[in-house]
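In the two complexes below, subunit A is the common chain; its partner is subunit B in one and subunit C in the other.
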Partner chain A sequence: MTEGIQNVSKPQIKVENLNLWYGEKQALKNVSMNIPKNSITALIGPSGCGKSTFIRCLNRMNDLINNCKIEGKVTIESDNIYGPDVDVVDLRKSVGMVFQKPNPFPMSIYDNVAYGPRIHGANRKDLDGIVEQALHSAAIWDEVSDRLKSPALSLSGGQQQRLCIARTLAVKPKIILFDEPTSALDPISTLRIEDLTMNLKKDYTIVIVTHNMQQAARISDYTGFFLMGELIEFGQTKQIFQNPREKSTEDYITGRFG
Partner chain B sequence: MTREQYVKQLDLLKESVLSLGEMVELIFRDSMTSVINLDVKLAEKTLALEPEVDKLEEDIEASVFDLLALQQPMASDLRLVVSTLKITADLRRIVGLSINIAKIPGRMEGGHVKPLIDTKKMADAAAFMLENSLKAFEAQDVELARTAAKRDEEVDKLFYAVWVELIEMMAKDTSIISRATNLLFLIRYLERIADHCCNICESVVYLATAERVKLN
Partner chain C sequence: MLSRNYKEKTIEWTLFSVSVLTVVVLFLICLFLFRDGLLVFRDTSLMDFLTGKFWYPTSVNRQFGLLPLFFGSLIVTAGAIIFAVPLGIAAAIYISEIADPRIADFLKPFIEILAGIPSVVFGFFGLVVLVPIIQNNFNLPTGQTALTGSIMLGIMALPTIITISEDAISSVPSTLEQGSLALGATKWQTIYKVIVPAALSGISAAVMLGIGRAIGETMTLMMVTGNTAVIPSFPGGFLASVRTMTATIALEMGEVPQGSTHFHALFAVGSVLFIITFLINLIADSIKKRYQFKVD
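Let's turn to the complex of A and B:
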């Protein structure tokens, strides 16, 4: 899709002619997209349109699915992430992911955040600082600083999600993928996460899948609209929500769909 | 089709603007007729319509706020809602200016100081602009909006011609100053009405294309 390639001089993520099949079923059709650094890109579209499949290609999460075949090229900072010598563990360290349902580990708040740095060999004496900084960046430090040893599962849903973001930040990724990060949260927690993502884009590139179009409109710089595995339209969020080029984008965002 | 109620609300909003437009056309036409014929009765009838316009304007504004607050319109819907608000404001100003025109017959004693030939031409051009800007809004017709706005040049030219003529007449005969000043105001009102029609045409272009243009 040529619509996906906008004028970005040096995209951090460059996706070219990506095709993906789950067995016989083609889930992504020739998707191309340039994602600039330090931006928020929102992916919208109806259920089953391929948007989650697409972001899962950006850190090779689809590798874990049987019968999944991928063609095309995904380049992150000039590295082909599907190249033969790519260490997938390293890739997922630099491309972090936050999921729909908060999924803290059944351990303490501290250990949740320290988990990643520990397995990546962080020095013991650095851990306290790393944990504190990640919790600060995830805007949850003030709420948990006096109970770092409490179980993470004792936190509210919104706090758990911010803890999961802290856990992602602790391994110092470059890119963070959010797969519907607020669909299980109440409106206030949702707005907190939205504020957080907008603060995080100073230091990270963010790609977010959301069913909430107002959320996409509020927080993102770029929006991509997927339909039946195709990237129908990609552009600046303002343009997509005020003057989409494609009729199907217009129909979807105005709710005239189906 | 999903969101049937919402689509109906948008259609109703558009219809209310068109009804307001019809009323504005009537008020403008009658105000001009009243001033040309110095028909005080028709002028009074016209002045009495203002509260009805206010009511329609309020209703449109309320629908716009409801839609924005409750339905979060996007894309062309958003442009429709925003354009509606702007067009309504321009139509309301045209009514205000027409009301000023309809007040002239009541203070004109002794008839016009000259035959209203160019002034009538200005009024005809403004009426054309008003009618077609509303048609363009209804059909989201960019070409028609541009055609309607184009007539503003003619209105401006006539405005300056009549203005110069009236100033010269007043310089020659000071006894006509009061009556001639009423005419000066009249042509100024007409010139402003044409400008508001241009604004409506600009809103139509934005509604149809999302492009912001200057048409006058």
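Let's turn to the complex of A and C:
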């Protein structure tokens, strides 16, 4: 995927020849990609193409799956995250993740956001400030500031998802991975999350998996197209959508399959 | 057509009457238990029964005081819970969250077998193995103590506590676990800060049902607690002999003349036991319902 590499001058995440197997089945085939700092990179492709598997390699969430084998190299800011002396806890602290379905913990709104800072040993008196700032950054402060002690599960789906984003921001990561963050949400909530991601990119590097091609076109700077475990094409979003190099990319984008 | 309809209806009614039978049986048990129990109050007042400190059913100056038996049951059950709850929850956490699935599959049948052992076998084991150990270690005149009963009862309540807690912990959605790990929490932080709190109502139900199991146990306790109807002191009472409500009924029922005050007093003890277990099951059930609601 030489296109991918030449497009990017200063990668923050550098993936080289990544192969992944679930048992016998190969889910990622020789994927290489350079993801630049402070940008939004969208990963698109039909179901089962490996895009979610790929994003989970970046914070090693695939470690949780039995008999999942990974080969290749993923470098984040010059550290090989699959190296022998890597602490997964530190990695996940700097690479946050927001999931497909909002998954707030069954505790109060405040405790949800404070969860990360608390386990990483934040000072008790700094906690209020961290929580308020994270909720501000996730554009949900105005809706919850008067009921921080109420259960997170009392929020609507869209609010829950923004709370999950706030929870991730509170840990102060450098990179945030979004795994189809709006697929369970209504259009208005989706729009709010999209606006939010575009605001976040000045401080964070964002990688987002999405089923929704309009979403990729609207918010991302770079787009990667996956098919059957391979990265078919990677480049600037404008180029991918207006002038794709590969036939299959064009077919997918124009809705001929997927 | 008509005959097919008729057949369907017959099957339906048969199954319905069988189900109703359980309700009828329960109702009849209540009826006879309470009817015979209440007759004791012809000779003893309710206050004397509930607050009496002495259970002397056969002496000249006979007294039917519930308290020694009630506190006997209480101290043995409390000891069992103190012993079994931490162990049971720890085992449930290990099986559902930490153990390799193969190890979990290996362990689970043993827990189920433990639940299937007859209580007289537990009692025999307690009498032959545990009683001498307790007697020697604490230098007691007899090893048949509340502590011995608590340990045996704890072992017997373990399968209930483990199985139901494990169900509760396993049904916590894995998305919560992933969410916690993705924030950089360790496996252990995830377990005690997210998974166990989320399963807490299920775990409480498990504990309540464990208590229910313990308080109704008879045979094992009769064999290992010494059966002395004296109000136990606390905490020294753990090393003294006690007699539970259940053991009292089992020991004395065979020897009382039917229709005597003593006979009715035993029924009254049975009624108290029934009310206690009924309440415990009710609480466990309501906790369980709340927790199912929460998981959805």
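Note that in this section the second predicted complex is superposed on the first by the 255 of 258 C-alpha atoms of A that agree within 3 Å, B and C clash if a C-alpha of one lies under 4 Å from a C-alpha of the other, contacts with A are read in each partner's own complex, and residues count from 1 in each chain.
Throughout what follows, a contact is a pair of C-beta atoms (placed from the backbone, for glycine too) under 8 Å apart; a residue touches a chain by one contact, two chains touch by 3 or more.
Computed from a predicted model, the values in this text were never measured in an experiment.
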item	value
First (subunit B), second (subunit C), both or neither touched by A:242	first
Contacts of A:141 with subunit B and subunit C, given as first, second, both or neither	neither
Touching partner for A:21 - first (subunit B), second (subunit C), both, neither	neither
Subunit B versus subunit C as contact partner of A:213, first or second or both or neither	first
Partner chain in contact with A:254 - subunit B first, subunit C second, else both or neither	first
Contacts on subunit A seen with subunit B and repeated with subunit C across the two complexes	none
In the complex with subunit B, residue positions of subunit A that touch it	213-214, 217, 241-244, 249-250, 253-258
Sites on subunit C touched by subunit A in the complex	173, 175-176, 178-186, 189, 193-194, 197-198, 294
Complex contacts: residues of subunit B adjacent to subunit A	1-3, 6-7, 72-79, 209-210
Interfacial residue positions of subunit A with respect to subunit C in the complex	59, 61, 64, 89-93, 96-97, 99, 101, 103-107, 115-116, 119-120, 164, 167-168, 171
